[in-house]
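For reference, chains read A, B, C and D in written order, and residue numbers begin at 1 within each chain.
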Amino acid sequence: MRFDLTDDQRAVRDAIDELCRSRWDSAAARGYGAGTSDDSALWRELVAAGWTGIAVSEEHGGQGLGTVELTLVCEGLGRALAPSAFFGNAAAAVLVAAAGDDEQRRRWLPGFASGEARGALGTWQPDGTALAYDAEGAAALLLVEPGRAAVVAADACTFEKTDGVDITRRLTRVTIGAADDLRGDVDAAVDRVEVALSAELVGVANRAMDLAVEHARTREQFGRPIGVYQAVSHRCADMLIDVESARSAVLCAAWTADNDAGSLPFAASVAKVAASQGAWRTTTASLQVHGGIGFTWEHDCHLLLRRAVASGHLLGRGDWHLDRVAARRGLGANAS
Amino acid sequence: MRFDLTDDQRAVRDAIDELCRSRWDSAAARGYGAGTSDDSALWRELVAAGWTGIAVSEEHGGQGLGTVELTLVCEGLGRALAPSAFFGNAAAAVLVAAAGDDEQRRRWLPGFASGEARGALGTWQPDGTALAYDAEGAAALLLVEPGRAAVVAADACTFEKTDGVDITRRLTRVTIGAADDLRGDVDAAVDRVEVALSAELVGVANRAMDLAVEHARTREQFGRPIGVYQAVSHRCADMLIDVESARSAVLCAAWTADNDAGSLPFAASVAKVAASQGAWRTTTASLQVHGGIGFTWEHDCHLLLRRAVASGHLLGRGDWHLDRVAARRGLGANAS
Amino acid sequence: MDLSLTPAEVAFRDELREWLVANHPGVEPASPEGSLEHRLRWQRTLFDAGYSGISWPREHGGRGATLMEQAIFNEELVRARAPSPANIIGLVMGGPVIINEGTDAQRSRFLAPILSGDEIWCQGFSEPNAGSDLAALTTQAVRGDGGWTVNGQKVWTSYAHRAKWCMLLAKTGGDDRHRNLTFFICDMKQPGVEVRPLRQATGDSEFNEIFFNGAVVPDENVVGAVGDGWKVAITTLMFERAGLSAASALAIQIKLDELAELIRERGEQHDVTLSRRLGALVVATETMRLNGYRGLSRVIEHGVPGPEGSMAKIQWADINQRVGELAMDVLGAEALVTDPVWTHSMLRARANSIEGGTSEIQRNILAERVLNLPRMR
Amino acid sequence: MDLSLTPAEVAFRDELREWLVANHPGVEPASPEGSLEHRLRWQRTLFDAGYSGISWPREHGGRGATLMEQAIFNEELVRARAPSPANIIGLVMGGPVIINEGTDAQRSRFLAPILSGDEIWCQGFSEPNAGSDLAALTTQAVRGDGGWTVNGQKVWTSYAHRAKWCMLLAKTGGDDRHRNLTFFICDMKQPGVEVRPLRQATGDSEFNEIFFNGAVVPDENVVGAVGDGWKVAITTLMFERAGLSAASALAIQIKLDELAELIRERGEQHDVTLSRRLGALVVATETMRLNGYRGLSRVIEHGVPGPEGSMAKIQWADINQRVGELAMDVLGAEALVTDPVWTHSMLRARANSIEGGTSEIQRNILAERVLNLPRMR
């Protein structure tokens, strides 16, 4: 057993961080969300580097790398608050690849892989509409709800811009045309999307921790850097535990998705619970460590907190995962 | 409105504290629990001072004071970890007075009030037996379970000593003879017992906080009293909030029991949740502040923690109270 | 101990309730400016009816009622869904400080317009580099023949753009951190004062920055002695906290009723995790309310608020943040859509543990001033 | 990254599993003495089969297996409900420290009897007035011609009453808190050493006090240089923590299975509050296990354990304490009866956040040594 990244995987992680550093910052994220600027530069680079097809099989025009590599890209983009259609497109590819039939794979995967006809992820709402990020410009929308997933061509839908809690993404409410159900193992496919989403949340939490630690080192009150006070330093230590625990859980779930499908439901639930709770705790704690400055519009704290809330709830409630874990031990509302 | 003690009430509080200081200490509590010494000296004083009948009507030989006064005595005895049959006897009197009929009141209350034929409190267990504290020497046992309360003469029961988590009390498992149900409003009666129990827990929590604060002032590490470190001082501040919140809730519930019966269910649930959680958090936090010394057998920390656990669970789960509170807002398993 | 209202308190409350039914100002406009105008008119209405400065002494233009009646008044306003008067800073902090620490001249000059709302007050304590640590203030006041000249910057001041007077804490020389601050009443309507709105994480702009560039404060606007600013400021902050508690707890209970309604609307009323979390918040809020009334009885006994007020501040922030978190879990997958009520209050609540003294500072106060634990030196 | 076992690891595990079936020592006696004898015999059995010192180098009498195989061994012992060997302190701390910091003479003298269990080791670091703060140690070692003479008191030492050797940290002069401690190997079987059992809150006596009155330690039993005790001790403590993690996480999962069984026995399996609390603990324990393996891979890469081990220590204590609290709520009204399993482990778990370095100290370590936050001076 070896539980750390290979050199190739480190190269993926470093490359995506470098790309974000050079092509993205929080000003770009704000502009993208507000619709005053776009992410085409970043998107072109992601396409050019082949990241869009990173986990798509070579047969369908992708690089055929694994879920671990995919999560490394998601984490890097999350750390940089890069909105970009990357996640939705990757989720669409994961869903079609894991739960679609041959015809659906042939029709959609090559476009997702090349980024020329990208996909977006939408979640069905009680009223029959769907909520989706970065849906404008997508060729296809992948819709999910518990136990069901379907693909629909974008031109069969109408989109209405909606204000999202996450102001670094573009949220739309979608009126859906005729949707084509995925007939494969939808739960297993959605678990893979949860893993990618959890990876993004690890990046968000890690960034929030880095900001808090930097502030604690430099901000002085009562004649000392505030990091010497345990109310601050112990809060940062707890952030570290949350971030590293979530990272361990996501890496394990990603590896499990490719190597031990039977264990994926448990691994995916562990990853989602650890990452969503970790991101919430870390982003809120980071804002607290920053004090007043962290509550200003100009500071990035609230961007991270907003991302943590929105991504943490994107696919529903954490209790669903706790119930799935407890059910393995014969406990819960539906226990015999 | 005046939310603080009257001079008479302060006198009750001070008298019970003084009595415990002069007649009781943790060595006595340990000896009593172990059966190597008894509490007759303390008990005689409680009887002599008329505390045993403090909340019993004068008609039945008591002092006819209120539930507030009763809770002040319970808090004082809790603070001193005084085992004594006081609580069980007071609970028995509260149950008979609030849910018994005239005949039951005439038969039992005078003995409870004078302490000459005292009562004890037992909780029915799934197997039909009951668990009771300080039952030996009692004249009657008051048995409770959700929705039901009954009185049974002690000579109709057999007692078997049992090891309790709370080693400052004597726990027995009781095989019950013919029990005489109380036909009055049992829930209202049990709520009053919960209030008295919560008062005891406030005393326990307060004592745990006092020990922690004293230790934090005097114990030095790294060249400073540990109380200067926020990991310690902020924990103590949280103890203060827990203790004062529980005290406020208990005082309000005690006053409500005598003045606003319709509001008692809510007030009693608030008091029980605040006091049981507060006592658990405070006693465990106090042990943590003490470090290794707090985990030794000789130190009182674990006596307080054991009392907090045992008294906190004596009448069942806290979730029952949260459900009752939520039901007032149309929420919960049985909501329409 | 008697938790029932006295006949006088009952009479006061019933008369007030009747009056509120007849004089309710209606729904508060959403826009910040509209809301402020609405609350200015509302304060005037309250003032004309003798409901401004409930617990202020009659000789200072107040109603001369008890602190308990003041608390009843605050609760009834919340219960009637009526807004707080616009000059809340002046009523809760400025006035009480001037009554307790000010001169007769200051009382006759400043108190009346606070009550009527003719002059809005704001509070200039925090600075970019002095949030928790008032000793780190850098705003300077230098004495000349024309009085005091002020240079520096303040942040997080509500109402500053509309305020006539600012409670200004500035350095006036000396090294003793408890003797080198002075408490001024600074005229905001002068060339040396510039106000810029501060946009916060919610997107709103409740607060402002104030820049003082040679602003002038006459000698007669010093409150307390020169160098006593620290003591005066602490008193002010304690009045601020004493104001909280009971009424804010009622406001939270109303919010919890709305959240319970949301849970039922969404058909989640049988989810015991949600219902027990809500129940636990109801319990916590009730203990906060009760702590508030117990604290108030202490204030009535001792005259001035004590450090215990920090308990309510900590509880208030913690409960509001947990309400926001619960609301997100109730919304589930819809939590990613901006909601004018719930997502907004989830975000706004994050500042509750920072504004008016962080929860960390409140815990320091409880540890040092209530529990007498040693201080880090 | 590859979370599957290598063929060699699989072979090692399968062989071990088979061996454990054939050689399982049976149920561990309840009495402390009986348990220790049982675990001494068990260590001998392991030793004879080549399962003592799994990851120790062959030249030092170990199996020469990888740290990963050591972790697999620890997990398999837990999975088979087999006890840990009696000389755990020697195996996890004493041996590794001597291998890394000791002299050849020390290696040839001490290592073999550690592996066989012929000589039990204990750890003499903590003192009544030096729990978290090793710099406050007062135990003195003074050099004379007969070697070093030791006077002082140690507390919280497991196995001291049976130990032959004590890893003793004592003051050897000088003021520099990082240069005035020396790490000794002290013979426990001499007149100058007295051991008294220490009774703890559970009623058990796992620990002891050691009183040193003129105990003698020869020069050759100094580990590292005189004055290097601090550095050597820190290494020891990190080995202690590196030992934890994965296997302890598995032990907790087994405990959670038993707790789930208790919930079902009591017919509470439909209470979603209980089931979700248990689910959350399963999740937390799994992340602890995964952190452990990730940390182990780091150790394999860097050779020695890093401060990250403090994460596992904090998680371990926190999870054990939450398990105990949940168990009490499952027992409900029966929680007031002493239960050999649940009430005992609820009480015992309270020490988990104190023993082996408090959770507060672990957080200091993470803040200062992993996050490079400034230290209070």
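Simple rule for what comes next: a residue touches a chain if its C-beta (ideal position, glycine included) is under 8 Å from a C-beta of that chain, and two chains touch if they have at least 3 such contacts.
Not measured: the values here are computed from a predicted model.
Participant: When contacts are scored as defined above, which chain pair ends up with more C-beta pairs, A-B or B-C?
Facilitator: B-C
Participant: Which one of the chains is farthest from subunit D, going by Cα centres?
Facilitator: The most remote chain is C.
Participant: CA centre of subunit A versus CA centre of subunit B: separation in Å?
Facilitator: Comparing mean C-alpha positions, subunit B is 51 Å from subunit A.
Participant: Using the average of all C-alpha atoms in each chain as its centre, how far is it in Å between subunit B and subunit D?
Facilitator: From the centre of subunit B to the centre of subunit D is 40 Å.
Participant: Check each residue of subunit C and list the ones that touch at least two other chains.
Facilitator: 271-273, 276, 360, 363, 376
Participant: What are the residues of subunit B that contact at least two other chains?
Facilitator: 229-232, 234, 319, in rising order.
Participant: So in the complex, which bits of subunit A are touching subunit C?
Facilitator: My answer: residues 123, 125, 131, 162-166, 171, 220-222, 229, 231-232, 280, 284, 287-288, 291-299, 301-302, 305-306, 309-310, 313-319.
Participant: Could you pull out which subunit D residues touch subunit C in their complex?
Facilitator: 271-273, 276, 376
Participant: What residues of subunit B sit close enough to touch subunit A in their complex?
Facilitator: 229-231, 234
Participant: Inside the complex, what are the residues of subunit D that reach subunit B?
Facilitator: So the residues of subunit D touching subunit B come out as 126, 128-133, 135-136, 155-156, 198-201, 203, 271, 273, 321, 325, 328-329, 331-338, 343, 346-347, 350-351, 353-355, 358-360, 363, 376.
Participant: Sort out for me which residues of subunit C touch subunit B in the complex.
Facilitator: Residue list for subunit C touching subunit B: 1-6, 9, 68, 256-257, 260, 263-264, 269-270, 272, 274-276, 278-280, 282-284, 286-288, 290-291, 293-294, 296-298, 301, 308, 311, 314-315, 360, 362-364, 366-368, 370-377.
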